[in-house]
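The block underneath contains the structure these notes are about, expressed in C-alpha cells.
In this document, chain identifiers A, B, C and D correspond to the written order of the chains, with residue numbering beginning at 1 in each.
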C-alpha cells in the first residue's frame, strides 16, 4: 500500500497533465498545479530550514570544528526571518510588501546579499582564466576543434580581431575574424544546438515515461513496514 | 548610516574574494553570513508570495471595490488551493514518527507534475519546433543565397543530422555510422567552443563592476 | 601551516584594512582625489605585465605548471590596473555607433528623446556607462530626455545615471531642470503591452512620474501624447522585454526612430534590425559605450571599463596560448 | 537493421494517417454583422467606418475567447492615412459599451480574451480620425464563446507523441519479455564505478550536487534518479556520501532515495539523515557553501548533475583544485563547455537523462533508450526528406515536392 499509492499518484497526475494539453477545459491544470507546487515548497521549507537550524545547533553544542561560524549563520537566519515576517523597520507597516523600498529587509538585501552574490559571481572571471590555462589544450581532435571555435569567437569580439585580419580583401571578407565569428554562431553552432536540443527533448520524453510508468521509482523509498 | 552600509558591503566583497587565496576565517565569516541571511531572506519572500499571496488571498479573497473604495462584490474564493495546502501539510508528516511515509504522497504528486508537464513541453518546443526549423532550402529562396550561405545551410542540416547520429544509444559507432557520429561530436564541440568564447566576455564585466565598487564607490580612488 | 605564515597573512590583512581606512577618510575629507598613473608609468606597467607573461611561458616550457593563484593574480592585475591608467586604447568607431551619433547630432535643440531603461543591477557594469554617456550628451546638447522603465529596477538605474551625468561640467553649465529638461516617468508592468499603449497614449501608462508628480504637472511631457511627439528614442536592454519588443511594436507599428544599447551577449542578435533599418544606431557591451564616449569626446567609465575588459581578454587569450605552446613543445606527452 | 524497419513502419503509419487528415474540421458558422454601413456624419475631418465586422468563436479553447475581424476603413492608407487609431468596444449582456482595446492603423483583427462562456457579447469597432472624431461600425449580433472539449489543432502533436511515446513503451515491453538489447558505452557512466571505488580506497567522502533548481525541473528529477543508482553502489562499498542541496524538496526526495538504496543494499543502519543537508535557496550563497565544503572536506569524487547556471565553472574549478574526480552533466548547452574544461567526464544533454537507465542495467530501462532512438531516426528522416523537398520545390517549383514540404511543416508546427 505504502508504495502503490504514491506510484499511482505519479502515474495519474503525469497522465492527466499529458492529456490536458489536448483538452481545452483542462489546459490551465498545469498552471494550477504549479501554484500547488509553490505552496508545497514553502511547507517543505519547514523541513529544510529546520535542518539548517539542527545542523548548526549541533555544531555549536558539540563544539565541532568552526562552530563559531554557526553562531553567525544562526543569528543571520533568525534576524532576517524576524525582520521579514513581522516587517520590522518597514515604512509601510505590516500591510506593505516585505521588499518595499526603504524597508530594513530590503536594506539587508541591498547591502549584504547583493555584494555577496555579485562578488561570488565575479569569481568566475578568475576561474575562466585558470580553466583556460590548464584545460583548453589541443589534446585530441575534439579538444582542438573546441579550442579553435572558442578562439575565433573570442578574437572576433575584441578590437584585436578586427586588426589581425583586416588585410583580407573585401571579396573574401567572410574570412575576416569578426565575420567568421558570426558565421560560426549562425551555422555550426546552430546545428550543434539543434542536435543537443532534439536529443534532450527525446531524453526527457523517455525519462518522464519511465517515471510515470513506475520503472524509475527509487525516490519513493522502500516498502518495509 | 551610509558609511556603515558601504563598509559592510566592502568587507563582505573582500571576504569572498579572499577565497581565491585560500580558505580562511574571513571567507568563512562571509560565507556564514551569506548562508544565514539568504536562507532567511528566501523563506520570507516565499512565505509572503506563496502562502500569503497565492494561498491565503486565493482562499479568502478581499472584497472587490471600485476606485472610490465602495463595495462592489465579494471576491470569488478558489478552494482548490486547499488541496495544495493539504499536500504541503502532508509533507510535514516526516516530522512525526510512524506516519513519515505519508510525505511520499506530495512527493509523488510533484514528480508526476514535473514529468507530465515537461514531457509535453519538451516534445513541442525541443523536438517538433527544432525539426521544423531545420527544414530549410539549401539554396535559399529562389536561388537567393550566396556561396557562403549555401555552405552555411548545408552545415546546419548536415550538422544537425550528424549530431543526432552521435546521440544514438542502441547502435555501435562503427563504419559509416561511426564516422557520421564522429562528425556529429565535432559539430557539438564547435557549439561548445562558441558558447565558451561567447560567455567569457560577459563574465569579465561582473568583475569589473565589483572592482569599480571597491576602488570607486568605496575608496574613491577612481576618478 | 607554520605560525610565521599565519602572522604574515594577518599582517597583510591588517595593512590592507589600515590603508583602506586612511584612503576612506581621505575620500570624506576631500584630500583623496583619485589615483592616476602618468603615461610613462602606465606604459611601464604594461611592459612589466608582458614580461611576466613571457616568464610564465618560459617556466611552462620547462615543464613547471604555474599555480592557480598566479593566474588569479594576473587576472586581478589586468582588471584593476587599467582603471588607473591614462592609456588610450586605439580603437575605431564602428559604423553602428557612428550612426547613433549622427542621428543624435541631426536633432534640433529642444527635440524630445525617449530613453527606456530595461535592465537591472547585474547588467549595470555593461549598460550603466552607456546610459551615463548618452544622458550626458543629450543634456549638454539641449535635448529633452523622457525616461521610462519596463524593468522594475530600471528607473532606479536611471536616477543613478542621471546623478552621474549631472556631475559633468558641460551638463552642469546648462543647469538642466527636472520636469523641464528631463523627467523620469518610472516603471510600468506589462512588457510589450506598455509599448503598445504608449503608441496611443503615454499618460494612460504613466499617470504619475517616479516621484509621484502628476503627468500633466510636468511641463516637458504635458504635450507629449504618443510616439509621434518623440523625435528619437534609445533603449537600454539586457533581455526581455527589450530592444526586440521595442522594434516590433514601436518601430514597426508606429514608425518610431530608435537606437539601442545592449549587453555584449545580446548585441549580435540586433544586427538584423540594424541592417533592415529598424534600428538607427547600436551600442554593444562595453566596447559600444567606449566608442560612444570617443565620438562624443567625453571620456568616462565606458572607456575605463573597456580598457579593463580588453586587458582581461588578452590575459585569457595569453593563457590559452601559453598553455598550448607548452603542451606542444613538451611533445604532447606530458600531462601538464 | 531492425531499428530501421521499425522506424520505417512507424513513419509510414503516421504519414498515412497524417495525409488522410482524419482530423479535418467543419468550418464554424460565423456570425456576421449587418453589412449595411453606418453612414456617419461627415462633419469635420471624419473618416469612413470599418466594414464587414465579423465575430466568431475562437476554436478549441475553454470558451474564453472570441475572434474579431473587419475590413479597415478606406481612409486607412499607408500614405496620408486619415485613421489615427481603431477602438474596440464590447457590450457584455446588454450593459453599456466599454472600451477594451486601441489598435494602430492597419489592424483588421483582434482576439478578445478572458471572457466568460455564460455571457453574451456584442462588439463595435470605431475608426478614429486625427482630430479624434469617432466613427462607429455596426454592432454585431450577440455571441457566446463556445467551449470545445478536444483541441483538434493539436492532432498532429498527439499523433507524434503517441508514436514516439509508443516506441518507448514498445521497447520497454519487448525488453521485459527478455529481448536482448545493445546499448553503446557512455564513457562518463562507465567511470562511475571507478570514481566511487577511488573514494572508498582513499577513505574520503563523495560529494553529490544535484544542481540549483527545485524538483519542478526535469534536470533535477534526472539527478535524483541517477542518485538512486549511484547511492546503491555507495551503500555497497560503504563509502560516505555528502549532499548539500539548495532546495528543501530536493532534500526530502534525496533522503528517501539514499535511504532506499541503503535498505536495498542491506545496510539500513548505515544510513543517516545527515548525509543530505539543506543550505540555502540563494544561488550564490549555496555556491559559497559548497565551495567551502569542497576545500574543507576534500571529497575524492564530485558529481555535478542537474541544472547549473553561471556557477558551473566556479564549482567545477574548485573541485578540480582539490584533485577530485569529477563527473558532470547538464542539459544547458551554455554550461557544458565549462564542465568539459574542468571535469573528467561530462554527460552531454540527452546522456544525462539516459544515465539512470544505463546505470540500472535493467532491460526495461534500457528498452526506453532504444525507444528514444526511434524518435531520433524519425527526426533525421523528416529533416532529410523535408530539406530535399523544400530545396527541389524551391528551385524547380515541383508541386509534389512543395506538397510534401507543406505537409511536414503542418505536422511539425506547434501552437
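As a working rule, a contact is a pair of C-beta atoms (placed from the backbone, for glycine too) under 8 Å apart; a residue touches a chain by one contact, two chains touch by 3 or more.
Model, not experiment: these values are computed from the prediction.
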- Out of curiosity, which chains are bumping into both subunit B and subunit C? A, D
- Note on the structure: Farthest chain from subunit A by C-alpha centroid distance is chain C
- Task: Please work out the Cα centroid separation of subunit C and subunit D, and write it as a whole number of Å.
- Result: 34
- Message: Rounded to a whole Å, what is the gap between the Cα centroids of subunit A and subunit C?
- Response: 26
- Taking each chain's centre as the mean of its CA atoms, subunit A sits from subunit B at a distance in Å of 4
- Please compute the C-alpha centroid of subunit B, do the same for subunit D, then give the distance between them in whole Å. 14
- Going by residue number, subunit A touches two or more other chains at 18, 21, 34, 37, 40-41, 44-47, 49, 52, 66, 113-114, 116, 118, 120-121, 123-126, 128, 130, 132, 134, 136, 146-147, 150-151, 154, 157, 185, 192-193, 196-200, 202, 204-205, 207-209, 211, 219-221
- Message: Quick check on subunit B: which residues sit in contact with 2+ other chains?
- Response: 10, 16, 19-20, 28, 30-31, 34-35, 38-39, 41, 43, 46, 91, 94, 104, 107, 110-111, 113-115, 118-120, 122-123, 125, 127, 131, 134, 157, 160, 164, 167, 188, 191-193, 195-196, 198-201, 203-204, 206-207, 209
- Message: By the touch rule stated above, which residues of subunit D touch at least two different other chains?
- Response: 157, 161, 164-165, 215-216, 218, 221, 249, 252-253, 256, 279-280, 282, 284-285, 288, 296, 310, 333, 337-338, 340-341, 348-351, 354, 369, 372, 375-376, 379
- Could you draw the chains as nodes, link the ones that touch, and say if you get a line, ring, star, complete or other? complete
- Over in the complex, which subunit D residues touch subunit A? Could you list them? 60-63, 147-151, 154, 157-158, 161, 164-165, 168-169, 172, 214-216, 218, 221-222, 224-225, 227-229, 231, 247-249, 251-253, 256-257, 259-261, 263-264, 273-274, 277-280, 282-285, 287-288, 296, 310, 313-314, 316-317, 320, 331, 333, 337-338, 340-342, 348-354, 356-357, 362, 364-365, 368-369, 371-372, 375-376, 379
- Within the complex, which stretch of subunit A touches subunit D? 18, 21-25, 27-28, 34, 37, 40-41, 44-49, 51-52, 55, 66, 113, 116-117, 120-121, 123-124, 127-128, 130-132, 134-136, 146, 150, 192-193, 196-200, 202-211, 213, 215-216, 218-222, 224
- Task: Would you tell me which residues of subunit D are touching subunit C in their complex?
- Result: 85, 102, 104, 106, 321
- Task: Name, in rising order, each residue of subunit D that touches subunit B in their complex.
- Result: 3, 157, 160-161, 164-165, 181-184, 186, 215-218, 221, 249, 252-253, 256, 279-282, 284-285, 288-289, 291-292, 295-296, 310, 333-334, 336-338, 340-341, 348-351, 354, 369-370, 372-373, 375-376, 379-380, 382-384, 386-387, 389-391, 393-395, 405, 408-409, 412-414
- State the interface residues of subunit B toward subunit D in the complex, per the touch definition above. 16, 19, 22-23, 27-28, 30-31, 34-35, 38-39, 41-43, 46, 91, 94, 103-104, 107, 110-111, 113-115, 118-120, 122-125, 127-129, 131-132, 134-139, 141-143, 157, 160-161, 164-165, 167-173, 188, 191-193, 195-196, 199, 203
